[in-house]
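Note that subunit A is present in both complexes that follow, paired respectively with subunit B and with subunit C.
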Partner chain A sequence: MELWFTEHHTEHVKFSMKVKEQLVNKQSDFQHIAVLDTEEFGRVLTLDGYLMVTEKDEFIYHDMIVHVPMATNLNIKKVLVIGAGDGGTIRELTRYPGIEHIDMVEIDPMVVETCKEYIPQTACSLEDKRVHIYYEDGLKFVRRMRDEYDLIIVDSTDPFGPGEGLFTKEFYGNCYNALNDKGILVNQHESTYYDEYVEAMKRAHQRIKETFAIAKVYQAHIPTYPSGHWLFGFASKHYDPEKDLDVEQWNALGIKTKYYNTKLHLGAFALPNYVKEQLSEYE
Partner chain B sequence: MTYTQQNSPIHEALVKHKKNRVVHFDVPGHKGGRGNPELTQFLGAECLKVDVNSMKPLDNLIHPTSVIKAAEELAAEAFGAEAAFFMVNGTTAAVQAMIMSSCKAGEKIIMPRNVHRSAINALVVCGAIPVYVNPGVNRNLGIPLGMSIEEIKKAITANPDAKAIFVNNPTYYGICSNLEEIVSLAHDNNMRVLVDEAHGAHFYFGENLPISAMAAGADMAAASMHKTGGSLTQSSFLLCGKGVDPGYVRQIINLTQTTSGSYLLMASLDISRKHMYQHGKEIIEKTIDLSDYARNEINKLGGYYAFSTEIINGDTIYNFDRTKLSIYTGDIGLAGIEVYDLLQSEYDIQIEFGDIGNILAIISAGDRAFEIERLLSSLSEIKRRYGKDKVGMLNHEYIDPDVVLTPQTAFYSDKKSILLKDSLNHIAGEFVMCYPPGIPILAPGERITKDIIDYIIYAKEKGSVLTGPKDMKVEYINIVD
Partner chain C sequence: MELWFTEHHTEHVKFSMKVKEQLVNKQSDFQHIAVLDTEEFGRVLTLDGYLMVTEKDEFIYHDMIVHVPMATNLNIKKVLVIGAGDGGTIRELTRYPGIEHIDMVEIDPMVVETCKEYIPQTACSLEDKRVHIYYEDGLKFVRRMRDEYDLIIVDSTDPFGPGEGLFTKEFYGNCYNALNDKGILVNQHESTYYDEYVEAMKRAHQRIKETFAIAKVYQAHIPTYPSGHWLFGFASKHYDPEKDLDVEQWNALGIKTKYYNTKLHLGAFALPNYVKEQLSEYE
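Up next, the complex of A and B:
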């Protein structure tokens, strides 16, 4: 008998991996949650049937969403992470001794519980003393904050479903308020290879650009995400991720990474032409 | 067959009809959708299959004897009415049927001036004469209120021959009048009470809501099931109390209603009645919770005022419908219509309407917590990005109309078109209103005053959609020659 997990990357493209065993299959108040043990990718978390994290390639996503802003401003002390129930983003953040306080806002407690039990590889740092977890709507949490954070990381699901509110103009505006005058906002930015994601990404980028003085997009290669080519948004009131990258200081921290390095940091902002064209369409 | 509230007779008959695989040599010509593939693909084959015409097993809306009759009886029972009619031409048709079955040409009807255009349209059609009662305005919020008992008493004393009192209950903003007292006054003076319950269909199904028209003893009510009861747009109920002859009302309805009543609309009314009867309490409870939460959070933002039962004053605000989320925006220096436009263009949020001082968001069982959060965050952003000092905001005042001619006489008079700005002291030959909410600023037969011209120009500047006049740009107005 063979058991396969399949995700539709488009209506006409499927991505499948062979499953050894399904470890979790449950419904929370917000979404369907499953954990699969797979032959190739190790343990895999899916939400509403969409793949979120695999043990084998999560390091790429989490390196890129954390170390790019951290190497741009080494004085980051207070961080807000929205989403990130799997804990991978928190794990990378807690490697910086300079960070004093991390607020994590996740809407679904069941995701966190599940990852703590079944995917300790990512959830291992959620008990760190600096981490404060709030189970509520990210939009609601951030709306109440003023001038509070050095960095906000939006580690959300896709712009359809529970994460929908995190791709809206009002959310970016509220993040702007919640950041201090040198604050940085990093978000997962979907992919633009397949047509059905293009509009969502372009709109998200346009909305960020309208809100922040600096708004750039960078990329990473993530094998299990649709097309494998994934984008992140970097927005800031002050820091430019290319000009302000502090190569020496970051390397002096001695943080060992599997994907990120400071040369790749700069290279990640060199986008393919078709992506550049898509991004500039609204400009 | 005996039906209970667990049944939906029209819906059940349609399901059965679909199973029978009847061959159709009747209208509609799309024949279950086969004749119009693009429409079928768009709306769905199942939908097109039940878009059928009257036939024996499905009854006939003009003269119901079987399943429509049964469905109307169930609706009457569910609403606590003596009789109920399925309306497929909007609540507008229900409002007109109420007025036309209560007043003939030349007879008087007492009504607040802030009625929906459908009520004054009924007067244009039937020739009844309006006696307007000043609804009173809340100066802080700039909204018209309910009917004051004293004003009604005065109107009754001055017009003892009036046939009916027409009440908007609740208003668009959720404000209720003292219906029981109005009914008692009216009945003591041999007048009917007709209630435009376009925004109150849910009053019949929830707890902790203002009293419904039928429960208050009103003679007729137009309950817009499609607004807050879950049925399809354009479907509505006309309800009758004791002492109203349903046979005559049916004749009046049939004067103007289609002879090809849509089964999609009728089935939607039938299913919604059943759904609300079964689940109304939880639905309304959830709606009130969402709405109260939103109000509370909006009031914390500062600059906005989402009002609720604290504005109750025992008379012109006798009660308040907490499912309505009405928000005063004047204190952030923006007109309601400006906030409405910003929500739409900048934040992809569509609300019900914005007028000069307020916006209204309709909250229903279909809303989810995260959509409410989007509205709250957007309002917070609009305040931050666009908020300004409260200057140059026109204070909305009730403009007491000077009715020179009846709406019918004015509408059918010879008219000429002149520039709005030159129309001072002339008699209007047509309506002018912002839509929504569709409450006329000027109705046919009323004298045009400086206040009215200023108000129309101001509303246009702020971006309100003005309707009524033949001139779509509302630069010119038709006056009675």
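Up next, the complex of A and C:
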């Protein structure tokens, strides 16, 4: 039997992967959840039909969303993670002995349960005793926090569906308040290659720039995301991810990574001209 | 009507684009040639069914194969280009007033004729008076040259079909001899994400390293190539593309680029750990 999962990257572009077996196919209170076992990418999580995580390339996304802020400030002790139900971001964070406390706020418990059962590669560290999981709306959670965190990671879905509120000015303002005076906010920032993503990406960047003293964008090669050219936002009240990168100290930690290294950390902020132009258009 | 062009990136991964119209569908002495007018990517050239060039993202490939060596040695005057029938590499080279002479060796005249007629976006500078086109086998052409060029660009198809010989040790040795004592060789270097490409890529790099004093690999985000993470090889008898990059002088030229800039030039050599490991495995 030929079974294929196809995602439309735009109305006119499709990306398809051969499926061995569909392992999960269910509806939560928030979204449709599926897990596919694929030939090329191992197990794959989809939400509302959109590819979220694959076993083959999740290391790229999780390396880049975690190690870039951590190598910029090695004194991070208290972290808030919003979304991230697959657990990959938590797995990378728990590799830092200096982190004392991680709050994870995920709206959909069924995503976490599903990943624990079917994608242990990412969900393997959710039982770490420093991790505190709250099943609630990240927007509401962050609104009641003041001066609390060294780092907030917004590991969200796309800016439509359940993740939509995580791309608003109000949300970024609440994150600002929830961070202490040296706090860092990192978020997944969509892409710029296909027109469908550009506007959301530009709007998000503009709103973050209006809120934080430092707001930069960095990139990674994530083959299973639309265009393969994915962006992350780095915003901070104090730290500059290029100037404050602590090469020696980070390497002294001995954290073995498959994608990230400190040279690549700096290279990731070297954006193509067309991306730089898009990011500056609202300025 | 729904008309889709599909390329298999691996046996288990497909990339598809919606086609407005097939403009060219013919067989040359060397390969099948098609031009498609697509909704998302504009006009697209395929050879033997493999996507070569799209109007939407050709600027990335051509920026990176030309401006990286040029910004490393701004005194380049004589260039040999092998392959490159679409003309995009020539277009970027002709923007440098310091270049005096370009030999282009393309095995298949029908590719050049087709691109001149259907993809003028890339083929627009082939009539430049510095450009000398030879319709012959690049392997044979380079074999009879000694100490002739400042730069050789191998803008080849994949290491199977007509382009196969352009990935051999003998060919790299002949390029070495055809270059003068400060000569640079740049080639398209495939990718590392899918297993199908890794071996050819590793083998090519190993052969180049055995031939040239300096051999580095750099990367770009090319959305329509398999995995979107594409590599180029930089080899040289003298110049180091990171240490010898002349930021001020290149920017003084005022060449406007949509992808390349001198910060990105350096960032492109910051490879992910898994790519670095693959490249060093044969060492």
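Everything that follows uses one rule, which is that the second predicted complex is superposed on the first by the 283 of 283 C-alpha atoms of A that agree within 3 Å, B and C clash if a C-alpha of one lies under 4 Å from a C-alpha of the other, contacts with A are read in each partner's own complex, and residues count from 1 in each chain.
In this text, a contact is a pair of C-beta atoms (placed from the backbone, for glycine too) under 8 Å apart; a residue touches a chain by one contact, two chains touch by 3 or more.
Because the structure is predicted, anything quoted here is derived from the model rather than measured.
By the document's definition of touching, neither partner reaches A:187: not subunit B, not subunit C. Contacts of A:40 after superposition on the shared chain: subunit C is touched, whereas subunit B is not. In the superposed pair of complexes, A:261 makes contact with subunit C only, with no contact to subunit B. Of the two partner chains, subunit B is the only one touched by A:140; subunit C is not. With both structures placed on the common chain, the touch criterion links A:278 to neither subunit B nor subunit C. Of the two partners subunit B and subunit C, more residues of subunit A are touched by C. When the two structures are aligned on the shared chain, A:177 is found in touch with subunit B, with no touch to subunit C.
Looking at the shared chain after the overlay, A:169 reaches subunit B, while subunit C stays out of its contact range.
Per the touch definition, subunit C reaches subunit A in the complex via residues 4, 10-18, 38-40, 57, 60, 193-194, 219, 221, 223, 227-229, 257-261, 263-274, 276. Only residues 346-348, 369-370, 373-374, 376-378, 380-381, 384-385 of subunit B touch subunit A when the two sit together in their complex. Across the interface of their complex, subunit B is touched by residues 137, 139-140, 143, 162, 164-165, 168-171, 173-174, 177 of subunit A.
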